[in-house]
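Below are the structure tokens for one structure; questions will follow.
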Amino acid sequence: MSRKLLGALGWFGLVALLSPGQAYAMHIMEGFLPAPHAILWAIVTLPFLVAGLRSIQNTVKEAPHLKMLLGLAGAFVFVLSALKLPSVTGSCSHPTGVGLGTILFRPAAMSVLGIIVLFFQAVLLAHGGLTTLGANTFSMAVVGPFVSYGLYKGSCRLGAPLAVAVFLAAALGDLATYVTTSAQLALAFPAQTGGFWESFVKFNAIFAVTQVPLAIGEGLLTVVVFNLLSVYSRGELRDLSIPVREVRA
Amino acid sequence: MVGPILEVVDVHFAYPDGTQALAGMSLTIERGSKVVFLGPNGAGKTTLFLQLNGILRPSQGVVRFDGNDLRYDRRSLMELRKNVGIVFQDPDSQIFSASVLQDISFGPFNLGMSEEEVRGRVQGALAAVGIESIADRPTHFLSLGQKKRVAIAGVLAMEPQVIIFDEPTSSLDPKTAKQLLILLDDISRDGKTVVISTHDVDIAYSWADRVYVLESGRVADAGTPQEIFLDEAMLERVDLTQPWIVDVWRELRDNGYLPPNALLPRTKSALLALIRSRLCHSFRITDLVSERAAINERG
Amino acid sequence: MIHIDQYAYANRLRAVHPGEKLAFAAITAGICLASPSLIGQLAILMTMAAATVAIVGIPWRFYLKLMLVPAAFLLAGIVTVAVSFSSQPDPGLHGIDLWGFAVGIRDRDFVVASSLVARSLGTVSCLYFLSLSTPMVEIIGVLKRCRVPAVLVELMTIIYRFIFVLMETTRQIHTAQVSRLGYHSLSASYRDLGQLTSCLFHRSMLKSQMLFVTLSSRCYSGEIRVLEPRRRLSLRRGLLIGGIDAVLLAVALATRGWQRW
């Protein structure tokens, strides 16, 4: 069974490779989710958004400059996600900015920045969509950041080198985002015979072709960036209260 | 309505990283005057301006507005910033909205005005800087000169008594820079005190009522443009060149083309008029040429 | 990208109240999403495309190109939904035998996939109508009217503005790098892109400090209040929107049963 499954996966991979365009972070396109799913995901995301907004509102009261900082942070994440990652295969993919953004600005802020960035991506770039904003926010601005932050904090606490912690946070944050998206799609479109799980495997497999290299690429890039930041932007990192240690890429 | 509007008395200031940006600076800005600050990079011009507006606080010394020492509680700061506006060098770090209208309305709303009043102020400011026609365009599609005007309108709309411009003409093309200077003159004619910093000695010489030369956080020299730019030793010391008008005037005078007591002109047109008036006494080459042509014809 | 934004500021519906455009796009997208009928969705796609090209005045070539943006996702998505595989021979699976392994499409999945294409593109056409006809500043203004929390609105305002500032910065840094032979190999590319990113971060943080200073000098004290442009609502256009959407809804309902081939 598993060998045959692999054969099928290879076939899907071929389709994905042949599909035109560039590999963006995986956002579900406009209109792809049925209405009940779209609404459900919006509702699921709402508490995280509210919590994020609350935390921002509280901090802004004491530090009014935080509004400008978060504004620039959001613009930074947006522009980051429009950069092109160098890749071996020649296909071109874009980072999500989830890992770096989360480590720099915390998951709570990322849920708010994430939904704004996704909104702008939908309207200005036609990536993702407004009806799927809830679902995409959940995978990219809730699950991704929490996984990133958990891994980052966890591996720092376990004494892993900072480079490893940063790589894991960025790469696995991306992977978590895309696995979540696959799950959302599988829930909306379960297979006739194999149900959710068959569909989940299919979606994971087809998107793995672009998303796994993207995750690795983004992990590497984030380590390089963090290394530079800890040398040249110590002041800023300290203001954002991030431990400044030398990183080895 | 004369007398000092802003006074800086022996102000010292160091940035958190230890850079001593102001080291005992003292100066006075007269109400309604046009003041230019000159000085090399890092002399402390921007830092001084931030003191005048209460963004930074002296570690020693005082700043006075209208004869009163600045106080740094929220209320007093609001009152000060209402009266002393700054147009920063880089409009991209001053304009916070993609909408021209929104950006200009920000200041007036902070002064607690009603929406109707704000609309009036915004319209007035748009007209004053001459950008009504681009009010509908997003700021990211504007040219640098247009963005500077938006930034100026944002401050004008608050109707401050003093407007400070940090390097208003930097990186503008000559024509745009000239238009901007005309705008500054208009603002000054409205009775406002206008303060600018610049690296352009020609602008400083022609435009200012009073010039301050700053160096390493201190006032190196102060005076009328004529006083400042005739002091060659001082200019040499702070690495400033002479304005071309002064250069030409001095050259003409020292070579006897102008009488030793000729007044130093302020503007290009005044200098040209002076030269023309001298030329009436000497004879012109064109006359010679036409005379020669007449002789040839006859011959 | 910037093209969408450019059209949003220079199109024939620029002076129309943003609420009308947003309502038209949102209601139509709602019908499309809830529509049980493929015909209904195609009707929406056609209507919105026609409205965007003929009324908003977007060149059709650009519009078609824009329609291809989600093609990669759509293709991968529908293939995944439509194609199944089975280790036993399966009469319900129309397809080929691959190494003794049935790969093909089931009837039901074909229906699901085709209506998925119609629904997605139909909704996309609604999104494009909005994004090509309405400047972001005005969309944000409508959100504000709809009582979206002030912090969110203020952040959106600042982020939208500085996206363009930082893109320009990025372009400058990138040019500077390339002109000094940056990005010439894979490892160099990572190093240079990392450099660009960290530089961009540094400048972003500087800009945020500067912005705080400049806004403070204009009496900022924690709240950002701004004017909204004045646009008049038009009853005539409102009725037109209602009429079009009523027709589209009727088409969707009338053709409900048609897709059982």
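In this document, chain identifiers A, B and C correspond to the written order of the chains, with residue numbering beginning at 1 in each.
Keep this in mind: a contact is a pair of C-beta atoms (placed from the backbone, for glycine too) under 8 Å apart; a residue touches a chain by one contact, two chains touch by 3 or more.
Model, not experiment: these values are computed from the prediction.
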item: Graph separation of subunit A and subunit C (steps between touching chains); value: 1
item: Chain located farthest away, centre of subunit A as origin (C-alpha); value: B
item: Mean-CA-position distance for subunit C and subunit A (Å); value: 18
item: Computed distance of Cα centres, subunit C from subunit B, in Å; value: 46
item: For subunit A, residues contacting two or more additional chains; value: 68, 71
item: Residue numbers of subunit B (touch at least two other chains); value: 96
item: Where subunit C touches two or more other chains, by residue; value: 5, 136, 157-158, 160-161, 165, 207, 211, 215, 220-221, 224
item: Subunit B partner contacts - residues on subunit C that touch it in the complex; value: 5-6, 9, 14, 135-137, 157-158, 160-161, 164-165, 207, 210-211, 213-221, 224-229
item: Contact footprint of subunit C on subunit A as seen in their complex; value: 1, 4-5, 7-8, 11-12, 15-16, 19-23, 26-32, 34-35, 38, 53, 56-57, 60-61, 64-65, 67-76, 78-80, 82-83, 85-86, 88, 100, 104, 112-113, 116-117, 119-120, 122-127, 129-131, 185, 189, 191-193, 198-199, 202-203, 206-207, 220-221, 224-225, 227-229, 232-233, 236, 239
item: Subunit A contact footprint on subunit C (complex, rising order); value: 1, 4-5, 29-30, 32-34, 66, 68-77, 79-81, 83-87, 98-101, 103, 106, 108-109, 112, 116, 119-124, 126-128, 130-131, 136, 139, 149, 151-152, 154-163, 165-167, 170, 183, 186, 189-191, 193-198, 200-202, 204-205, 207-209, 211-212, 215, 220-222, 224
item: Of subunit B, residues touching subunit C in the complex; value: 50, 53, 55, 74, 78, 81-82, 85-86, 88, 90, 92-99, 101-103, 105-107, 109-111, 115, 118-119, 122, 136-141, 154-155, 158
